[in-house]
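In the two complexes below, chain A is the common chain; its partner is chain B in one and chain C in the other.
On to the complex of A and B.
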């Protein structure tokens, strides 16, 4: 594989927006990460008793709007924070601005009505409300919705790859910026908590019976959450010219398939390793450069085991020399937000770099044997944290890796 | 960026008329059977017109997990198998870490979603939600199954960006191949229409329209150095992929910019395939302005509106329209395939004939 140095133009993160179970903004999310607390709580959206499942990462602070699909509500609120944080205004609207989002099921909650009404009898003729629900249900609708709100008339792309959707969206956005198809892009992902996906995870036995405990010996499943997570990406030169706060630089990314099974990961993590090696080739970095890994860490036996095998092999020399990078997962704070998970992990990594703090794996009590480098408690590390690797894996055998760097303060002039 | 040329070394197409390039040719010649009239959801009595439905493709039943595949994935699977066989890669054992799959779709797994939703919770009781059906409720199911079946461990992605999705996949694939992240990629689109789609979608709005038709169009795009390593040459390929451009604006404004981006001259263009429902939708006089020496075609007239699959099928249709000698279109070396992206975006793929080069 051809190894390349950092590509031009350099791309940086200048704004963040996030609505999650932790609260309505990035600040509340970071506070929970810092304090090592979990936002997971009993399911409220529906009666979960028949499933035997108990917890969810619902944004309970947010009242459900009548009519508007929950996923679009999350997206709308996150975009308001994003615009304020990035300082984007009229000048950033137009054909040079794109939107690239990832989602797993998009507006699935409102689709439930049309699923049910046309699956049962007697049928009634479709109403205008049915047609609207269907239009919003198309996977690419959320991207249109957001782009229209932002006045972004450039490329509009949507990635549908389940749990790697939004990390691949960020990688795709990087490609668009490097190849000159856009000058600035809003990238990220969104997902609402739904009974539909909950049922699916239940029927494949992937839900936790109690707490979500990534990389813990006692882990037994995941907890589903919801979020909309957005980042503004633009050229370093543009960000510097307008005096924007630069959170981090996006150095590169990669994605690859397991080609093993549709729902179970390759136990050896071959696909994840290939995705990471693609990201290294894209950025000109190697295993020695990584200070922190924000892992997928869903809390399922298979996923976390696969990640341990992958990171153990990839960083074997560093483990032997006692310089293994710290690893943690955000899932025990926010739940598994599926289509938003990659962007959420990217934002956690960006904040870790920007604020110089290693995020903990909340609820970690008994690390998997020989895995004491998974950090159960956070710690301030200021200048030590320079490069973060954010990884995700998904149904379909998809894997992604994203490399982010702390920006030298001097580089901002 | 690597200098190796990119070549279309394999083609796979599945349409309402059947599988393969012969079926595409029959559709383009207007000799295919007419679309069938369809009434979705028994007893509702709602007229949805004539639809280009694919009959359940059985050409891949020999695959041991065929029974596990949802219909949407089966469409992609059949087209992928044809493309791999055509490229001579189906049995290749080496270097599968560097062969990947990039697909597009507009509506993805909606049919499986509806199926799954019927069986989840009813009256507070779990009614037997099926893990097998749940497996199909992801838009990346076809790309996943294709990777699993042929152990294609390279880059794998699925775009759900509306009708431009398959050429968006091609745009991404071009970048990956030129950066040498893969030696060959299966690229294209898949579309299966659910009852809900037929009942509730207003497909005649905006820039799209025409008769709905399901489809899967997948090509193998391969680096020339990979092709040579297999003892083949560029002349064995169907065409060279000069590149993919994405430009916003109206078609007349966007096409010249796209050609400039790709460094090709309109005087070399012998075929312009536009994503209009029919040529009647092209304003009078525009044809002469856009590509004065080219034959302009609207393949949706023949293949139908297959949304996310259309770009992939239009690539195969352009190859079907190559001159008999294979040396060009109207004696000229370039073909331009256009599809509409989201909102005001357009994608243009430019192919160059490889015979005689």
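On to the complex of A and C.
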């Protein structure tokens, strides 16, 4: 990275939309975070007894509808909240508005539907339900669907990087805004809970036998969830001109690969460290500036160990002086939402900055390092929380980092 | 931001003609189509023909840094992507064991999806008949048993970032890596965003490309329900008919291509052969047509090409050769032809238009990168293939229709894509004086 210091134009977050296991909106998610409660519950979508029983982060408040893929149902609701929260009108429709989304498997449940009609009878005429399911199946459809709902005719792109998909989508959106490709972009991610993906995680032994316990000595796996999480990013000058509420500024981002193993992370976290250093270079910040790390924290032995190795090296001086930034993971509240996870962590960070409260990890009882892990309930920061670092890592050795900053009330800009 | 130009120092291709640009280009110069009958059980699905890459898994073995690559852990998309990247590394004589050089190298690749093996999962999960509706459906209670017949790799290899993950290891790319999904324009987007990544100082070298495998059950079913497949009633070699009134639909195909992009200074420092400058990129977006149909007009394609030419400091009068999507369905081809006519103006009748679909079928997100490889080869050799299966052109198409290849002093080539998803993109390559 050659760039140093904040880039122009400055980009801020002016709207949020989120549907998750916690509830149908951002408010219900923040309430759970503040109270340090978990939304994880026994699997409802299918009988999990053959798997030995398990928890999930399903959006149980949201009835499953026939006739629309679950992931699109989540996206539709999140987009309605986003539109209202962003205060958009007709003037925000058109070619200056873009959509960049990340997803792991898109409308994966539709893939089962694909074979319902064809595997046994390949030459029968497709039904209208078939046509709908097939049209929605490809991973890029969610982006198209959302752009259609928002009237967004600007840049569209879909990122498929598993667990870093939506954080990389936010970084791409930041890049597009900086180079003037659009004035505002809705960025984020979506993922529905599916038996197929659950089964896959089960067969690789990545699921928790009980609670999801990020950064805990007793952690033994993750719990899968579902969510659609959206953020409105726009240029600071535009946000100020229209009097929008500014949640936070996006200072910079970075991503980098391990090139180590196609599924296992580099145990030393070399790729994650490079991603964070890229984000520092992009924003002009350094390790001393970070007040809070919203870590990936999946609760698996390998991921959390890799992250701690990275943080220990990156923040070595602060660890030695007992001034480590506060660290927590949102997975124990919402489950691992895969393609939506990066955006969910970004929203948690944005809300933490906006409301001056550190989000806790739930079920963290025996931390694996003697650092400032936030646990219990939300921790009031008395205005000391200024910079948040949100990090994510994925199968395949892909890593991302976002740096977000609080905007001073009455002194925006 | 760097003032260095970004240049192409290698390009790799895997196509039904074989491995490497020469196999593809020679086949196209000879006017050949590699679309043929599909082997069983694929032939059970209409149209029953397509352009398959027939390279064996062992083809990977001889490629740079590929000794440990395991095709058994790859989907078709990942396998084809790996072939093209390895071929590009070989073509560009690219270093991979250069220590910290890996930190300044990235890989952007596009694929429509990566779920070609989903059929295997479904077979394991057993179909049962819903008596009320007389329709087969998946018995969810069998899924736990079914998934146990998957190994962990069987599941993980379906993740959409696996082409990137394998490529990152193969090319030793520890810089920015990304996967673009869901549109045939994705490959051109991957190249365009790689240009930006180098110019912004994120990397010195980017591998960038795309992969398509539209000849497996999954995608053939997807298209069949939307009525997009070509007719089973036509001869396979005549099925791919870009811009021709006789086109009946999308022809299943396979392919992949990867470009090696470098800062000019980096390329010259290592004595690399420079094929061309990647001088411009443009993308534009039509209002999304979410479920059926195509974008309302050609404006997005016109604007994307204009933006790319502007970035390159060129205009339509400089364009010597074009590679396009040419989907082989009249509705989208008419839009693309209209955009070409508007963009090229009075020169539209003389600028050769290369369209892969006639030779290998639909290659999805690889169409941009493979088109780029064709343009680069045209700039390099001065030969351009003639038009195949374009005897009865659409009224909107005003370009050349001759099947004869032409020889020309090509200096500037454009890749221009119009897509059903409303995402248009364009790349401009300029030959450099060495």
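We adopt the following convention: the second predicted complex is superposed on the first by the 385 of 413 C-alpha atoms of A that agree within 3 Å, B and C clash if a C-alpha of one lies under 4 Å from a C-alpha of the other, contacts with A are read in each partner's own complex, and residues count from 1 in each chain.
Convention: a contact is a pair of C-beta atoms (placed from the backbone, for glycine too) under 8 Å apart; a residue touches a chain by one contact, two chains touch by 3 or more.
The structure presented is a predicted model; accordingly, all values stated were derived computationally and were not measured.
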Please determine, from the superposition on chain A, whether chain B and chain C clash or fit. clash
Given the touch rule stated above, what does A:145 touch, chain B (first), chain C (second), both, or neither? second
A:328 in the overlay: touching chain B, chain C, both, or neither? Say first, second, both or neither. neither
Tell me which partner A:398 touches in the superposition: chain B (first), chain C (second), both or neither. both
Tell me the contact category for A:92 with respect to chain B and chain C: first, second, both or neither. neither
Of the partners chain B and chain C, which touch A:232 in the superposed model: first, second, both, neither? neither
Using the superposition on chain A described above, determine whether A:337 touches chain B (first), chain C (second), both, or neither. neither
Based on the superposed arrangement, let me know which partner A:203 touches: chain B (first), chain C (second), both, or neither? both
Contacts of A:300 with chain B and chain C, given as first, second, both or neither: neither
Doubly contacted chain A residues - partners chain C and chain B: 1-2, 46-47, 50-51, 95, 104-105, 111-112, 114-116, 118-119, 121, 123, 126, 130-131, 133-135, 137-140, 143-144, 147, 153-162, 168, 172, 175, 179, 195-196, 199-200, 202-204, 255-263, 270-271, 274, 278, 394-398
Inside the complex, what are the residues of chain B that reach chain A? 2, 41, 43-44, 46, 68, 96-97, 100-101, 105-108, 110, 113-114, 116-118, 120-121, 124-126, 129-131, 134-135, 137-141, 143-145, 147-148, 150-162, 168, 172, 175, 179-181, 195-197, 199-202, 246, 248-249, 341-345
As the complex stands, chain C meets chain A at residues 2, 44-46, 73, 102-103, 106-107, 111-115, 118-119, 121-123, 127, 135-138, 140-141, 143-148, 150-153, 155-156, 158-162, 164-166, 168-169, 171-183, 186, 189, 193, 196, 200-202, 217-218, 221-222, 224-226, 283, 285-292, 421-423
Flag every residue of chain A that touches chain C in the complex, lowest number first. 1-3, 46-47, 50-51, 95, 98, 103-106, 111-112, 114-123, 126, 130-141, 143-145, 147-148, 153-162, 165, 168, 172, 175, 179, 195-196, 199-205, 255-263, 270-271, 274, 278, 394-398
What part of chain A is in contact with chain B in the complex they form? 1-2, 4, 46-47, 49-51, 95, 104-105, 108, 111-112, 114-116, 118-119, 121, 123, 125-126, 130-131, 133-135, 137-140, 143-144, 147, 153-162, 168, 172, 175, 179, 181, 195-196, 199-200, 202-204, 254-263, 270-271, 274, 278, 281-282, 394-398
